[in-house]
Amino acid sequence: MAPSTALRGVVPPVCTPLTPESEVDAPSLERLIAHLLDAGVDGLFVLGSTSEVAFLTDAHRARVLEIAVNTVAGRVPVVAGVIDTTTPRVTEHIRVAEKCGADGVVATAPFYTRTHPAEIDTHFRMLRAASDLPVIAYDLPVSVHTKLGVAHLATLARDGVIRAVKDSSGDEGALRRLLLETADVADFTVLTGSELTVDTAFRMGAHGVVPGLGNVDPHGYVRLRDLTAAGDWDAAKTEQERLIALFGLVDAGAPERMGRGSSALGAFKAALHLLGLIDCPATAAPQIPLNAAEIADVRAHLVRAGLLAT
Amino acid sequence: MAPSTALRGVVPPVCTPLTPESEVDAPSLERLIAHLLDAGVDGLFVLGSTSEVAFLTDAHRARVLEIAVNTVAGRVPVVAGVIDTTTPRVTEHIRVAEKCGADGVVATAPFYTRTHPAEIDTHFRMLRAASDLPVIAYDLPVSVHTKLGVAHLATLARDGVIRAVKDSSGDEGALRRLLLETADVADFTVLTGSELTVDTAFRMGAHGVVPGLGNVDPHGYVRLRDLTAAGDWDAAKTEQERLIALFGLVDAGAPERMGRGSSALGAFKAALHLLGLIDCPATAAPQIPLNAAEIADVRAHLVRAGLLAT
Amino acid sequence: MAPSTALRGVVPPVCTPLTPESEVDAPSLERLIAHLLDAGVDGLFVLGSTSEVAFLTDAHRARVLEIAVNTVAGRVPVVAGVIDTTTPRVTEHIRVAEKCGADGVVATAPFYTRTHPAEIDTHFRMLRAASDLPVIAYDLPVSVHTKLGVAHLATLARDGVIRAVKDSSGDEGALRRLLLETADVADFTVLTGSELTVDTAFRMGAHGVVPGLGNVDPHGYVRLRDLTAAGDWDAAKTEQERLIALFGLVDAGAPERMGRGSSALGAFKAALHLLGLIDCPATAAPQIPLNAAEIADVRAHLVRAGLLAT
Amino acid sequence: MAPSTALRGVVPPVCTPLTPESEVDAPSLERLIAHLLDAGVDGLFVLGSTSEVAFLTDAHRARVLEIAVNTVAGRVPVVAGVIDTTTPRVTEHIRVAEKCGADGVVATAPFYTRTHPAEIDTHFRMLRAASDLPVIAYDLPVSVHTKLGVAHLATLARDGVIRAVKDSSGDEGALRRLLLETADVADFTVLTGSELTVDTAFRMGAHGVVPGLGNVDPHGYVRLRDLTAAGDWDAAKTEQERLIALFGLVDAGAPERMGRGSSALGAFKAALHLLGLIDCPATAAPQIPLNAAEIADVRAHLVRAGLLAT
């Protein structure tokens, strides 16, 4: 990822279509990626949380990355999640990402193990030293149970350890402090992981967005990008609010029956299936599938958002 | 693990000695295992948290398990941690455990992903279906950020899904309720992961203990087992209190410099090194190593516990 | 609380009977206290979590304490919870406790506000300086969201700041370390707040227990005290296990309808009402009341425990 | 608070100046309030977290509210925090707020006790029924350890239970969903508690802001309000960024010595003292005071923000 290809703009975290046998569904993934590229996205993030990375075996992960790199064929940067518990395991995923031709790797702080800032610091510095690939720090406290500190991220940016941050903490105050603290670091970018505050994140100076909902409606996020770039903030607000209403589909799955991850990922995949982009809406085990009524709710959201005729 | 070899008694979670190059140190591991067997332990748990499983690559994990199975040569059961984020990844580790000849596998609830009891239930049932190896549920909320419920564990036990529980939750009230609720389940065993309450756990009816400190002083835990079996509760209390004092070594590492995991695992390995059992006290990255003063503190604990001459 | 009346033995946290109009029901409270004293308890803890202290106005709190002190009339120590967010507010409650004739006060770390160990330390030292009443530290992380550290509590004990600890953390390993670290502090006592591990807590050297379930079955806890004092650990275990089965009543309230506090306190009060000890089983707002089926479940527990004829 | 005086615009949570003897410093409070009114704020929120409400006795709370109501003399609405653990205790504070002439009350979900959504719902409905004062829901998970749900708040708004929400959750995605879900509820307002994202919150449609930093620089927040009202978003951004830099003063206190509350409230009061607005910078016990170097850091922030000559 040369400076000229720094991660910015709309970078969807690509869903991983699966066959009914829980294998990676290559044709569906290719179709989904083509759809995203056609819509005008600026990059792809594969093997993130929205990609069900935590549910994919190493073979599945490598397969997904190969398909993505081949399908994209250099048109936009493809960055790969290297999500695992600690430095040695993450480093192995970096080796694979290098081999497969990723343009960057996206890594969290260590998890499962209890961490200390000094350990997190060592972790990112060792990942940086492990390859030439740019390292993107992934701040996802809901999964990692640690919030990366603003001052720490700014130091890592300034020291050239990380090239970007994907902020999925939902803490917009911290996001904004980070933007100000790193404003003078050349080629450093900050991307928000929130689907719901993209126009305001761009107003704050964020360089891009990694919207899970961008799988379902990439054109919406591309429009949002273009409207904000053009300074048409009112139209951007209207577009953002349409996407917020669409985002309601993540609550389709009943909380009595399943976790919020099963619901959100199940809804994204149900939507992609209803839109004809993937062949099978299955999520990986042990997630709970949506039932017919819940899928009808997803469909209703698509119709209301203008993505599907009634 | 036939019923006759059910997991019970003293089952240390074996430390993983590393070389200065961060490779598995086979001779040291063999020496450590021989030391544990000589002391009279009833089983070994490899690839658990104390084994730094979260820091070991898949190749390292397989190597550790091979060494353990070969060294033990059937004298006691060897169970293997299959610690990973979700069902598909854990299932891959079960395949390796089968191939390497483990007598059982130890699995947590899913982590990193947000979970729901229905998903945890599916997870354990799929793990059970994946192989003939007995499944041991590992309750470790500090790492997994979920507490396995007493009623849920009892149902899984009664349904033959799990053969044992390793309770590292520190919640002795729940441990005791679990013991009562599963008292009538044939061949089901409950082991405590707490080093500090072994005599009382045995009084409650616990079937065994998985003491990290058992790496450093296996004879102490074997004595504790034998004293409680003999009904000599006062001597057991004295022995337990000696071990509690020894356990203080886990706080050797300064909290300003490192996390509690670095401190505890660093202290166990420093102790094993001081006792001449392993060649190198290094822990895996990104853990912070103990410094000389901290190692001296570990040494002082060993001396006070009678394990080392001054 | 002179050394001779140090807090030890069975010290139930007394439920606060309410009228249907949510006023303190003095006759019921007197009857409940008489029942506890008749059973042979060693002290009373009023205005704790089991007393619904967080739901009582200051006037209600003073009324409860007056009734308790008058009813007990010096036969056993009466300690009073002074539960509030920070030092100035807790100090006001201490003033009232002094005026009403309490023998000691029970205080948590600050809550609602974010705390630091240095602030907790200042808090307890200021409470100590505020009156001559002995201060008992109440470790209740589920409510306070801070765990009091073993080393910190030992220092406070050694410095004469606190006279006792009521440990409701459920962390028996820490409880045991605390017992060892304070073993040499004269007149210092450690009481467990867990109903489920009293025999083993006494084996570890705990000086007493503060069992919420002791409202419902004080005779059981007194027997447990006497059996352990006599060294009859097997009979103690049997009694403890009967009480554990009885404790199952705290889960009477459906988790879909109410929180665990509503369920446990509602079940204790339903049991006291079924036993004829209090006139009205109401809990304070905004707790959700048990319904008829749930009360029938409480009754079934009482019958099985031998406290009620069918 | 008639509809025409709905809570909106800049509503600082007023600091509570204390004397060296920890009494409410009336002249300083009057001076601070006059300063805020002169700057053009739209309302005042007394007895919130920034007011150290958790550290104020009931007498102190009543005194603060009396002073505020008298000093404001109806020029803007004055709303009062009624922060306490549960419904009966909060209701008592509402009685006092009524008597003192508050224009509305600000209440959190229950805390200290473990809560369930059904209990939180009952809580707010009972508070509404307890007086004619408008109820403002205060969403502050860092203190209350519960996040109020978007759908729940929208229902409470629609049912006329709450008149406004003060969102201090830091979760801007949820804030925005709440704004959209309540857009059609007449006279209902949503205020952000974040100092750092005011321009973007206004862009999303938020009706106001409750900025702790507004004590120190009310003119800045009034300018921000006016610039966004005028649609001058670029100038608003510049002003917001100046305020973000100023906000850095909350980190003045060393994390080794004190909690983040001590640091932030100590810094606000140190700044007010340096600006000559209050006579004494003391915070309430058991908070740790800033030292000279830390106060110098606060001063440096004021100078850089243009609030103080060097």
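Details
We just call them A, B, C and D in the order they show up, numbering each chain from 1.
Going forward, contacts are C-beta pairs under 8 Å (C-beta built on N, C-alpha and C of every residue); 3 or more make two chains touch, one makes a residue touch a chain.
Just so it is clear, the model here is predicted, and its values are computed rather than measured.
Interface equivalence for A-B, evaluated over A-D, C-D or B-C, points to C-D, where over half of the contact pairs coincide by residue number.
Because chain C and chain D carry the same sequence, their contact can be compared by residue number, and over half of the numbers here are used by both. Averaged C-alpha coordinates give centres for chain C and chain D that are 36 Å from one another. Chain A and chain C have CA centres that are 49 Å apart.
Of all residues in chain D, none touches 2 or more other chains. Taken together, the touching pairs link the chains into one ring where each has two partners.
Under the contact rule defined at the top, the touching pairs of chains are A-B, A-D, B-C, C-D. Put simply, chain A touches chain B in their complex at residues 22, 49, 54-58, 60, 83, 85-89, 92, 110-116, 118-123, 126, 142-145, 257-262, 284-288. Interface residues of chain B, counted against chain C in their complex, comprise 170-174, 176-177, 180, 194-197, 199-201, 203-204, 233, 237, 241, 244-245.
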